[in-house]
Every structure is written in structure tokens, then in C-alpha cells.
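Below are two complexes that have chain A in common, paired first with chain B and then with chain C.
Up next is the complex of A and B:
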């Protein structure tokens, strides 16, 4: 049945589902679910919410056969609920994250807004191209870094730490006004758009400067290893961060300490 | 006539969703009494349109109720009452009925009927509704729902007061879209 539905879809290439789908995706839909990526804990499908014109991302955490069923159920449920809570909190406080559409924590899935655009990592790499010099004078790129800093600063200000900040977990989403030719995901190399922070599966409520500093440290390490040539402009990000988050000086001071010792505070684990 | 059958993605094919919209309803007290009497012929999701922001808002609650029904985890007597509770951000069932369900003073009414495979046909439902609901029937569109929305009630029930960034949006259609997103998100995370 699923195979027949997949074959009907003209827009996406047909996909044989290698993994069993969650029950909710077995039901008929105008756009059959399409497996986007598989992470350590779950899978991400693209599908539609209620109507053909509302694309959605479905995050599914399948049961883990190696865990005791009761423990498995509890962990899955807990992780989905915690991500949902953080997303709802961010959205209410005006931080741009994917909106929640629906979820079933017992069945292990959540449906989120599909954010058009491309990961910041991709856009930054397109922009860098094979340049080796003049990167620290690229005003457009520096401005993007400040915007990333603003988004991260706002998140820390409302009391959320992300837990896995990388340039892959941010989408550069073109504004509705700029989309004229149906290119919802924007054009390669363009730095126009809004920063949308995604994948808050490891996020938590925290207002300690230690946690914020570790968040920034993880981002710094991820950034300098993903985009080594742009290392020199990371400071621009911290400028944006300071602008969005007034009490940032304590977190930034802490960042110095974290740089000296690494992400883990204790030497255990 | 204007009873619409909607196909929602990711619902079991056995469940068919019908929706209708009546403005200036004159016999809300009668419909309310039929619900209270649990008259099976009047098993509908009767939603007070003043607390509904958009078509997507209503359909999100329908989706949640139908999904809950398909996993046999209803917390109310049937899928129609579950729609009303699905509109609420809290788990308080009687409060949900009072706030989102029909009351004798309801002026504008959204009606949802979910029928099973052996259930009533579109024409049966359309006929029954036009016989028993006294009001002006309109298609269920955002444009038609908007004039009936009581924004202060929506803000109060969905706790949207005091969000300065939301108040700062001056562009009304944009603001409405943001409110819709917040409300749909609130429905999704009910009970946590």
C-alpha cells in the first residue's frame, strides 16, 4: 500500500522505505513521507500536515529493541516532551524555531513546521568558495555572523541552551518578500534570510553562565572545524551575541575558562 | 449544500471528516440541550467560532482528536467531545466544554462530524444539519471565520497576553498568522 502511494508521487523520487514507518505515516496522505535523514536516535521525514500545501517535518524516535521496553518508552516520551516544551517556550518568547504542529509522545513522533532554506553551513561554504584571502573583509559574511550571534544571544536570554550548536543546526530561511521565482530555499551563495535554530533535541532550560559558555564553546569549536578559513570572523558572532543578550559579559568571561579546560567541567565521564 | 468533506493527511482512511459553518445561529440553546441530553443524533463537534482563529486551528484539533481515537486513548466519551477538549491548552474537560463548545449564547458555530466506514453519508449529515441548525451557512474559510473571532478571548484562553513581540506586529494578517502558529503549537503540547 505504501509502495503504491509512493509511486503516485511525481514531485519526489519514489522511495522504498527501508525502515518501518510510525503508524501515523502509514495512513494516506497527499504527499507520502520522504526520509530526509537518519540520526543516532531517530529519523526525520518530510511530509505534509493536514493539507497538501503545508509541508512538515516529522521526527520519529523508533523503539530501541536493545532497551527494556518500559525504560525505552519512558526515555522516548521524555525526550519528545522535553524538545516540545523547549520549542513551545522559544516560540512564545519570539525566537524563530520550527513551530509545533502535532505530536504523539507515546508513539514517538512529532510534526514540526518545515523550514525552507539551507543550513548555514552550506551557505557559508558557498560564499567562501575557494577563497583564501579577504575573508575577514567580507562584510556580508560578517553581518551573517552577527545575525547568528543575535539568534544565539536571544536564545540564551530566554533561558534556553541548545546543547548542540553547529552551523548545520541553523537554517538560513529566505524571507517571504525575497522569494519571487518560487525558489523557497533561496539561491546558492545568498546570505539573505532569517536564522532559524533547529534540532533542539538536546536543548534544556538553563540560566547558568557555565552552560551558556559551554554552548558558545561548542559552537566555536564546530565553526572553526567546519569553516577553518573563516575562523578569523568568529568574533563577529560574539558581537551579535553581546548585542542581543545584555548580561553576556559573565558568560563570555566564562567562555575564556572553558576554552582553557574544554567542554567538560569535571574530569569524569 | 455547504457541508464540506475534508481529507486530512495522516488519518486512517476509515474516518471521514465533515465540517460546516453557521453564522447568526438562532437555536444554540436547543443544540446545547441536545448535547447535554446525549442525543446520539446530535453527536457533533459543536465549536463556538468566537474562540477559533482559523480553519487550520479547527482542523488541528480535529486531527488531534482523530489521532487520539485511532490509538484508543480518548479522554472523553467520543471523538466529537474530544475535538472540544483538543482545542484547550489544559486538561480540564468541563472548562474546555464551557470555553470552546457550544453554549446557549453561541452566535457563530463551527460543526465537525467524523463518520466511520459504516457511518452517515455526506448527504445525510448535510440534511440533518440544515434541518436542525437555524443559521446562515457559509463555507469554512479563514475569511469567514475572522469576523467571528473574539481576539481578547483567544488571547486570554491561549495565554497570549503580555507577549511584547507579538503586540509589536502592526501588520494584521501577519499577526493573525503568528497567533495561529502559537495557538496550534499550544494545542500540540497540551498536557505537558
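Up next is the complex of A and C:
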């Protein structure tokens, strides 16, 4: 497994970096970083932690030159510390999220466990293929939906709302036993594995049913716009949600209200 | 009969404290502003503009302003193709008084009415003036704060304020400091902010692509009260500076998030607050870093005006849209995404 990780880390093509790297990625000993995405918030790199066979994700929030430097520092620090706090809370309460390896909130980065697998979005789309019928009878897919619901329910139960739930922000991570031939990310179309919720940058502590309902509504909207043909099986997700979170009836009732009004209220003049 | 080669519209705007009347000329290839006049109701320092006083102001100035707009445009009522007016959103009484006047013009001249959404007016005028083709739009004024992008015949709202508008936050803080409302409270805050040096900590309230300003205002008001009581080591200039730095950073952040979401590198800033130079500068730096650019207009078009209503109304009119008089009521709540945008691809 370790050999596979090394091979994998080394197999990323070398990159020309368009953006300046954070200092932590410029040590001669570190594995050449690979830019995974460039979002509005910051950049996500893949590198290694301590040893060349431990891959990691490095989230870097570069300074925003248009913001007042004091405000910029305050926000960057606050956001990294708050994400770290949420991650620690999730792990303490047994919800599978990436482990936190290191951080430097003043320099604007945090280093997290690299979660092997593929985004749920990718696996669902592979499974759907170009099928138009029989999706609501696909027991494997329905079971996956329930597992997603279980993960979200557990997160809400421990008092965390995600803020940006989509099928891209969950990884389907294959279990160690199922990994063969160094296929750490699993096989296309396979729905085997554990749901790992990632990207908790907008997450917060909340135990109000309104916040939970909005979280579910955002997920529902994201799911039906990303996988329109699978809209009919979204209810399976809510079944898993109820199973994991016993007091969910109030949040689900609230979801009805949120659906009626949309996330936005009607506009005041 | 040869196809029509030119259209003229008069636009009447009065959703807040500005009464604006403008005359526009469209040809298949060009848009020409024939006149664009405005009369602003300015309330004394420490006060805001009340609906009934503002409506009275609009009623008393409408006829003379409309007459001057026609004269300056060198257009007679017979040349006008349609009478456009703001149907909402805005303050009820001022909207109604201008709608009544627009209906009167329509009946008097025998020309069709076209009701226009105020926000869509701002967006269309901004696109026309700057030539921005398909930008993410930040619409910020005394009544509205929205991040908008166009998709499939509608201007979709990606983010907005959850409580008061950013301009309302600035206007009310100007009242707290008893700054003059002439020419505009936001303008005077901007001038004071230029002399501020110290960043006083204020709340920062961004939730995804939405934001909130009421808590910031409450906090700034509390700091101002401390200052007036002689218990603070910061100045009104510092407070204006801090307020601007904080709320504009929030607006730039939600705009950047929307740009990343829709994959656009152009941003257009419209609405009265859009004429703030510091906001334009911050937005410009953000857009440049994303490999794009910011488009902004000056006070003639940023601040509420009649020409934008004429322009957006005429675009709809040329697609065959008119508002029958029995449906020409106006409304304080009229969301940007309710308008079917037939004139764009």
C-alpha cells in the first residue's frame, strides 16, 4: 500500500505554477505540490506529509490584496481556526472527516489527510451512465443514498451544519479490504466504500432546525441539478437521515417550509 | 411599409428619493441618450427621506422635469413610442406617484405603457454603457444588494443581503454621525473615509453568497455612541473608513464566489453604491487577479435615473411587451428573477 502511494504521488505530472506557492510547499524536501483546484476561497494542493508515502491535501488561503491587511489576517485566521475546530469536533464524535495534520493560520494554510476515493458525484454519474429508466429500482444506488443520509444525519446530530453540501463535497472512499492492485481510489462505477464529508470551510456549530433544513435544502437543490435523472431517489437519502438522527422530524418539517419559500425570502424594497 | 428603423421611449423613475426622467433613442445598431434629467429629494442631516415627503416631491416636480426632458431631447410627444415607468421594487408612495404620472402621459399621448423592474433597468443600462457582454452583476444601492448572473432568459440572484441593503447601512450610519445628505450620504461617508487611518473592528457577516448588514450597523452605531461620549480614541473618519473597508470586503467576497461559481471573469457594478471609488478599486483588484476586469459607470447611470428605465423598457417593448393600464400597478416587492428577459439570447 505504501509503495502504491509513493508511486501515485510520483505519478502526478509536474506542474508549472501560475500562482505563488505558500512557503510550506517550497521546502526542498517536500514532494512537488500538485494544484487540484482553484476556488474563490483558496487553492487546494496535493503534497505529502512527513514521509513521501503519506499523501496530504494542503488548503491554502492566499492573502487578498484588496482587503485591508488587518481585516484579511483576521478573516483568514478565523476561518482556518473555525474549520479546524469543526473538524476536531466531528472526529471526536465519530463522524468520518479528513484528519488534520498541521496548520499555520497566520500563513493561511492547513494540511489535511488525503482521502482516497472519488467524489460521490463522479461515482453516481458513472453508475447512472446514460440510463433513463429503472433508476428508482437501482437498489445499490438507493443504498448509497441512504449511506449519504446517514453521514449527514450524524453530522446534524452532533450539532454541525455544513453550509455547502453537494455530491462534490463527499468522497466515496473504498475500504482497505476492497483495495486491490493499488487501486486506492476504487473502481469506476463501484458504490462500495465509506462516505467522507469534506470541505467544511463554511461549516458551523448549529442546533437550530432552520439551519439543518437549509443545509438539507441546499443538498437537495445541488443533487437534483447535478443528477436530474436521479431526482426520484432523493427520498432514500432522507430515510438514512432519519435513521441516523432520531430527532430529525422537526428539521424535516422545517424543510417543507424552506422548500416552499426557497432559501431566499421575498425581497424587501 | 418599411420595417421600423428607430424607436423613442421616455422613462420615469421614482422608486426612492430621486425623480428621474430620460428620453432614449434606439436604432437597430445604436442607442442614443437624448436627455437624462434628475431631481433629488434631499432631507436634512440626521434624517432619512420619508415616503410621503418623497412622494410629494416627485408629484410637484414631475411635470416640469418631463417638459424639460422632452425639450432637451428635442422630441415631441408624437415621436414617443412608449412610456416606461418603474413598477418596483422601491418605496410604495413614491413609486405610486410616478406611476400615476406615467399613466397620465400614456393616456394623454395615446402611447402604450411599459412597466420596468428597477433592478433590470440598472443591469441593462450598465451593460449598454460599459459594453460588458455577460458579466456577473453586483447591484448595490440604498434598497438592494444582490449578486446576479444571467442564465436562460432570467437574471438569477446568486447572493443577496439577508436584511438591509448596504446603501441603507451607509445612509443610516451617516444619520448617526449627522453628516449631510447632500449630494448623498454615501458620498459624504466616502469623503470622510479617505481621511480615516485606523481600522476599528466591526462584525463581518458573509454566509456563502449572502451577507448581512444590520449587525454591522448596530455595532458601528454603538461605537459612534462611545465616541460621542468621549470614551473612544477613534474619530468619525476612522469609523467611516472601517465601515467602508468591512462592507466592501464582504461585497467583493460574495462577488468573487459567484464569479468562481459561474466561471465568469467580468464583473459589472451598478446601483448608487457602485459609484463609490473604493468599492470600484477593490473590485478591480479582485477581477484582475482572476484575469478579468471590472465595469462600472459614473453617477449619471449608477444613481437612479430615468434613462435606464427608458432603455430596459424599450428593449422589452421592441419584443412586443406592453403593460395594459389595468395591470400597471406597482409593487414594493418585485424580484429581479421574476422578469422574463426576452431580449437576450
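Here is the rule we go by: the second predicted complex is superposed on the first by the 252 of 269 C-alpha atoms of A that agree within 3 Å, B and C clash if a C-alpha of one lies under 4 Å from a C-alpha of the other, contacts with A are read in each partner's own complex, and residues count from 1 in each chain.
Keep in mind that, in the parts below, a contact is a pair of C-beta atoms (placed from the backbone, for glycine too) under 8 Å apart; a residue touches a chain by one contact, two chains touch by 3 or more.
Quick caveat, the model's predicted, so the values are computed rather than measured.
Trainee: Looking at A:71, would you say it contacts chain B, chain C, both, or neither? Reply first, second, both or neither.
Mentor: After superposition on chain A, A:71 lies in contact with chain C alone.
Trainee: Looking at A:184, would you say it contacts chain B, chain C, both, or neither? Reply first, second, both or neither.
Mentor: After superposing on A, A:184 lies clear of both chain B and chain C.
Trainee: Just chain B (first), just chain C (second), both, or neither: which does A:250 touch?
Mentor: A:250 contacts neither chain B nor chain C.
Trainee: Check whether A:28 is in contact with chain B, with chain C, with both or with neither, and answer first, second, both or neither.
Mentor: first
Trainee: In the superposed model, which partner reaches more residues of chain A, chain B or chain C?
Mentor: When the residues of chain A touched by each partner are counted, B comes out ahead.
Trainee: Applying the touch criterion given at the start, work out whether A:99 contacts chain B, chain C, both or neither, answering first, second, both or neither.
Mentor: In the superposition, A:99 touches chain B alone.
Trainee: So in the complex, the part of chain A that touches chain B is made up of which residues?
Mentor: Touching chain B: residues 23-25, 27-31, 47-52, 54, 81, 84-85, 87-88, 91-94, 99-107, 110-111, 113 of chain A.
Trainee: Mind pulling up the chain A residues that touch chain C in the complex?
Mentor: Counting only chain A, the residues touching chain C are 39-41, 64-68, 70-71, 74-75, 163-164, 202, 264-269.
Trainee: Per the contact definition, I'd like the list of chain B residues that touch chain A in the complex.
Mentor: Listed in rising order, the residues are 7-13, 56, 59-60, 63-64, 67, 70-71, 73, 163, 165-166, 181-182, 184-186, 188-189, 192.
Trainee: Can you tell me which positions in chain C touch chain A when the two form their complex?
Mentor: It is residues 15, 88-92, 143-144, 157, 160, 162, 199, 201, 204, 207-208, 245-246, 249, 252-253, 256-257, 259-261, 281-283, 285-286, 289, 332-335 of chain C that touch chain A.
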